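Should a chain be cited, it is by its letter among A, B, C, D, E and F, assigned in written order, with residues numbered from 1 in that chain.
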Amino acid sequence: MQLNKWIECMEKIAPSVLAEDWDNPGLLIEPENREVRHVLIALDCTPKIISEARWIGADLILTHHPIFFSPVKRILREEPDTAVAWRMLRSGIGLFSVHTNLDRVEGGVNDALAEKLGIMHAVPYGEGIGRIGMLAEPISLYRFAQKTEDLLHTMVSYTGNPESSVQKIAVLGGAGGNAVREAADEGADVYLTGEAKHHEAIAAEVLGLPILVAGHDETERVVLPILKERLQEMTDDVKYSLALSDGGPFRRGTGGIIHDQ
Amino acid sequence: MQLNKWIECMEKIAPSVLAEDWDNPGLLIEPENREVRHVLIALDCTPKIISEARWIGADLILTHHPIFFSPVKRILREEPDTAVAWRMLRSGIGLFSVHTNLDRVEGGVNDALAEKLGIMHAVPYGEGIGRIGMLAEPISLYRFAQKTEDLLHTMVSYTGNPESSVQKIAVLGGAGGNAVREAADEGADVYLTGEAKHHEAIAAEVLGLPILVAGHDETERVVLPILKERLQEMTDDVKYSLALSDGGPFRRGTGGIIHDQ
Amino acid sequence: MQLNKWIECMEKIAPSVLAEDWDNPGLLIEPENREVRHVLIALDCTPKIISEARWIGADLILTHHPIFFSPVKRILREEPDTAVAWRMLRSGIGLFSVHTNLDRVEGGVNDALAEKLGIMHAVPYGEGIGRIGMLAEPISLYRFAQKTEDLLHTMVSYTGNPESSVQKIAVLGGAGGNAVREAADEGADVYLTGEAKHHEAIAAEVLGLPILVAGHDETERVVLPILKERLQEMTDDVKYSLALSDGGPFRRGTGGIIHDQ
Amino acid sequence: MQLNKWIECMEKIAPSVLAEDWDNPGLLIEPENREVRHVLIALDCTPKIISEARWIGADLILTHHPIFFSPVKRILREEPDTAVAWRMLRSGIGLFSVHTNLDRVEGGVNDALAEKLGIMHAVPYGEGIGRIGMLAEPISLYRFAQKTEDLLHTMVSYTGNPESSVQKIAVLGGAGGNAVREAADEGADVYLTGEAKHHEAIAAEVLGLPILVAGHDETERVVLPILKERLQEMTDDVKYSLALSDGGPFRRGTGGIIHDQ
Amino acid sequence: MQLNKWIECMEKIAPSVLAEDWDNPGLLIEPENREVRHVLIALDCTPKIISEARWIGADLILTHHPIFFSPVKRILREEPDTAVAWRMLRSGIGLFSVHTNLDRVEGGVNDALAEKLGIMHAVPYGEGIGRIGMLAEPISLYRFAQKTEDLLHTMVSYTGNPESSVQKIAVLGGAGGNAVREAADEGADVYLTGEAKHHEAIAAEVLGLPILVAGHDETERVVLPILKERLQEMTDDVKYSLALSDGGPFRRGTGGIIHDQ
Amino acid sequence: MQLNKWIECMEKIAPSVLAEDWDNPGLLIEPENREVRHVLIALDCTPKIISEARWIGADLILTHHPIFFSPVKRILREEPDTAVAWRMLRSGIGLFSVHTNLDRVEGGVNDALAEKLGIMHAVPYGEGIGRIGMLAEPISLYRFAQKTEDLLHTMVSYTGNPESSVQKIAVLGGAGGNAVREAADEGADVYLTGEAKHHEAIAAEVLGLPILVAGHDETERVVLPILKERLQEMTDDVKYSLALSDGGPFRRGTGGIIHDQ
């Protein structure tokens, strides 16, 4: 499939006009091949992902997170800001990102996250990125935290009273710690996001809204199979692979506290 | 003790000139009493801490984290930015903060953190906030993560190979995810900090430096008893209490993954 | 009366949307009582006014001039920028200001000023703050200056030929020296304002328009009884008092020139 | 005398390096004649002053206040910002200004003002513009206000208790209302300046320092004869005239309050 | 004719609303005479043009290029930024400029340029300043360059293959090197402009569009007779002269290469 | 030779600290080979130069003009800002630039230019980039223009009287039209530069200094053989080639004016 045609399909799935102003979605590194035959899908473009893409012969890597948030004036091999770009360009594989446009679009990151967590009737709120909806029945905050760990294969941090009952849930995958207020304004019982700073959690206490921090990677990864499926439907002459080496940067916890120091 | 005299002592312990430009340390809310008799020490100034201060009859709350990072143009009771200030002023209790000056000063946050983790010969590096030193002997990254969880009563996230051997450790309590490079430049085997964003962890991979994220609160709290002790030595007519209701905003993990969904 | 209800009434009298962008009107210090029973009305919130408010048991001070034009990062007792706020918060009395919205609104500062000076058929001009209208008959500029001193209990400075005849009068209470041109464009015979800088008066000479400077305080004070009356009509369960200790910061002149040096 | 030579003399009297950053002193309009024979000295360059300069055949007008504080992109006859420049250039007469450099320099505006008011041992304070010194003996604030009116031929406004005793006097001619604090820090009993805004007077109350506002024009005019004398000494082949039509923009007061309205 | 009436006519010919935001068109120096009787038309206002205007007794100089692109704070005789303004004002002759409004307007600079070069059916493109149209028949780029030299009495520099065939021509008189892309987007065969920087020519190579640089002066001068004619039609009581001493700042080439060094 | 070693040599020839703040010199595209064996030297990095570099097997292209003056957020194949970078990275050839550091350094662009033109005793002036010196004897400006065309193989534009005599010559290769004043301040008889805008030439007239515009490319190209020689001396295990396909973007003139249109 021609690259331009493929980009048009992608634009239908996650229109770039939905992205935030500061974002950098779209075609970031143009590939050598003008034909797209095999696309590797991952959250981030890392050296491991590039190796995997070369191994499977991908023409293009499709990621959630863009590169080049800060614009650059040179492309060097070992500089953190440009090392990935250098490798991509040397390998001839292209890079395309769908970021806050995929967060916001119907069927995107946050709809996938709500569905995964059993949140029903989820609708957009605030600036249209997060989703809010209802659990089938109220459960304790502690139990909702446990379920989140189980369903997202993660380890959570949370604020608020573990015994409090929650049913109306606001979710915003990725770094959503700066948007606690919008969730409070909606009357959410708890606000689940991927990443929140200490001082954002402190500020949330004043608003009286428990927040549940479930991992940047873990709250966004849920969209990848859905994205793959939608693309496959629209472009049946292209092959898609979910990256195997894209497990998120962090290991969570050590599985136990040791006492024999 | 006169408030002005007390501030002079505090200035000796953590000179305000050591603070970062963007910081807001010092006397933030002037107390009703010009005499300081009882000081409550905490990481953050929250409604619970104010209640505790009133309960014990404190004249002043001494925190690590300032308020009013963003300047304000009104003081309202329920607004997150000013709710704490409103309560403080209504109660007559003052607020004094030592923040990045306490991070940087000898014997401050990062020296306390290094000592707690058994890092020997720790010295400042980079811009003088972090500390770098050696463990008594090399251990695996996984085991260092376990020890950190145990010693700081926290739950960590970390990157890198768990089997790799680490001995040269860089530490920077609080939100240090944007300073990975300085630690890499020092040749650290691992960089321990309190808070790091997803994309900071991704960037660290290119630098080849494992990072260990141990909690903003947990990596800073270690300084409080030391601060109390130093103040008590210098001002023996003032009483100091470590806050009981200052347990950090987050609960870490749920203590097990449930499978009976 | 609930504070929120009272604010709604105030908003009807002087909608905050009419204020200039740089202004800071509205609830600036939230009071201890959520109920408004007694309001003290003054031009400025000064230590004397706060004492008067405490003496009469007011819940709220309503002023024309806001505080916190420059946002603040600490609240100290003796700092000029925050001394008033500190006292207000310690006393539990709230502060609400109606400033350029009251200047602009129909029946506000400038309509009150025009009426006081016998200017008939006064209508807004320029950006809608000032008013322009006609005296019943033409009089000399000198005589108009005399009448202004008499009616506003002030001492004026003025430019232009004292013998010139004036009938079409533009007024703008407070600091209006930077808006001479708008009055000239309207064809005013004289422009009366509260405060004008030397260089503004020099610039006015080129425009050929006499200006009459009658005191910031004296040109705005006229609105206070009218404001009290309107509020009383709308909120009959609240008591209003005009401040007795709100005489403007300046004494004007010494009443005579002495020669026995 | 060559214009360049004359400028060198002027530079010795009031070095331009002493001016504030925002100021615009020096040669602002270059005259037709390269020879300086007759200079008219005034506070401001107004149409009347230009007429007087033409009448007496001056080559140059020397003023305290510059023109072109805001830079211009066209020179039109009736525009307030450029009307004076247009007339100057059409007449061939040049304009030279000594402003904050003359305020600050030894023997300049503020030394002249202090001397005129009988302030002894006056020295610079703060940023070096104002002067502070002692009256021969303490007198009441009211009496000092009376003396100021008499000595400067002006009408004052003042704050503070008229009965309070003052001896240590800070003076700053022209618009000094934004520098009350520096005078308070020096321990002045009263701060005399030419121009102060309402809100500056309100702020001064918190500092507890009476201010006495004596007219922008009247507090600066005192330097003109001294400036003339110094220039005449240094350049005896040039003639200097003090402007007759330079009486300040304002008439102060109407000389009585009328009651027969 | 009254100056104001004349300006209204000029506004019909080249409405100032068509000018770019950064431009400075209109009445820049107000003349002594309020009556316009004789106007000298030139590309630039230089000392030679002012002399010519004085010689012929013009009231006004009408130029394409404004002065005062950078606003000024003094008017000195020898300073490059103000020397022309000083002379104009001393002579009493006014200055009026029509710049990017004349570039853009129908019948303005670029329509005149297109017509001069035999480009038919020329229409605006891009942001409406340049014109694009067709030659009667395709010719080689080299031959088009020759014709341009001949028709505009200039010496060109050009990029691209001299043998390539061109028929669709984009033109933009003056400094158009930063607008190559708009011409490429229109599918032009060659882009003719007055001035282009080295790096703009390098960038044009990537776009594959030949550019032909024909002189800033030479590509704009063609409009002057047309402007004169239109003005004469509308204002028959005013006399217009095309400047004789307005030959552009540059001599192009030396007419031969010498070898006897 | 190791790339890092080679960069150290280059740094000795043209220290990057000599570059202007806005410049972007140094290693801009890191090559595939860490070993430098063959370097192609050119003024600009264009598609033709990249082809030539691939043809001769160069590891690195060394240019005078950098790329990425404006930082970028994506690397696309056909975008003018990134097309060259994309090709470089795909080819594996690196890019290194020495720009204003080579202009300023002793023995750099401007010393080479002065020597080529027979200017003796050339020394830096102004901000240290340009050079000023003397011809062996005075010649007419016209003859100097002819010699320049001959020696630099270019076609010049110039201002001023062709018959005037010139001997003291200021030169500044490349785009130096904004630095006429510095040359005038040095008392130059003529200022030779590579590129000057129309309005810069107009401004130069007021300064009374003739300028001679000799081509951006042609005034800088003279340094390339000298740079090659210096590098060869310092790094004898590296091969250097002057690019054959680097003839500057422009053809100058058509060699004759045709009349048979």
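Just so we're on the same page, contacts are C-beta pairs under 8 Å (C-beta built on N, C-alpha and C of every residue); 3 or more make two chains touch, one makes a residue touch a chain.
Since this is a predicted model, take the numbers as computed values, not measurements.
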Contacts common to subunit B and subunit D (chain labels): C
Chain whose average C-alpha position is farthest from subunit C's own: F
Furthest chain, CA centroid comparison against subunit E: B
Chain centre separation (subunit A, subunit F; CA means) in Å: 48
Interchain centroid distance [CA atoms averaged], subunit A/subunit D, Å: 66
Whole-Å gap between the CA centroids of subunit E and subunit F: 29
Residues of subunit A engaged with two or more neighbouring chains: none
Touch-based graph of the chains, sorted into line, ring, star, complete or other: ring
Order of the ring members, counted from subunit D so that subunit E is second: D, E, F, A, B, C
Residues of subunit B defined as touching subunit C within the complex: 24, 26-30, 32, 68-69, 71-77, 85-86, 89-90, 92
Residues of subunit A touching subunit B in the complex: 44, 46-47, 65, 69, 78, 80, 83-84, 142, 145-147, 149-151, 155-159, 162, 174-175, 181, 194-195, 197-199, 201-207, 213, 216-217, 249-254, 256-259, 261
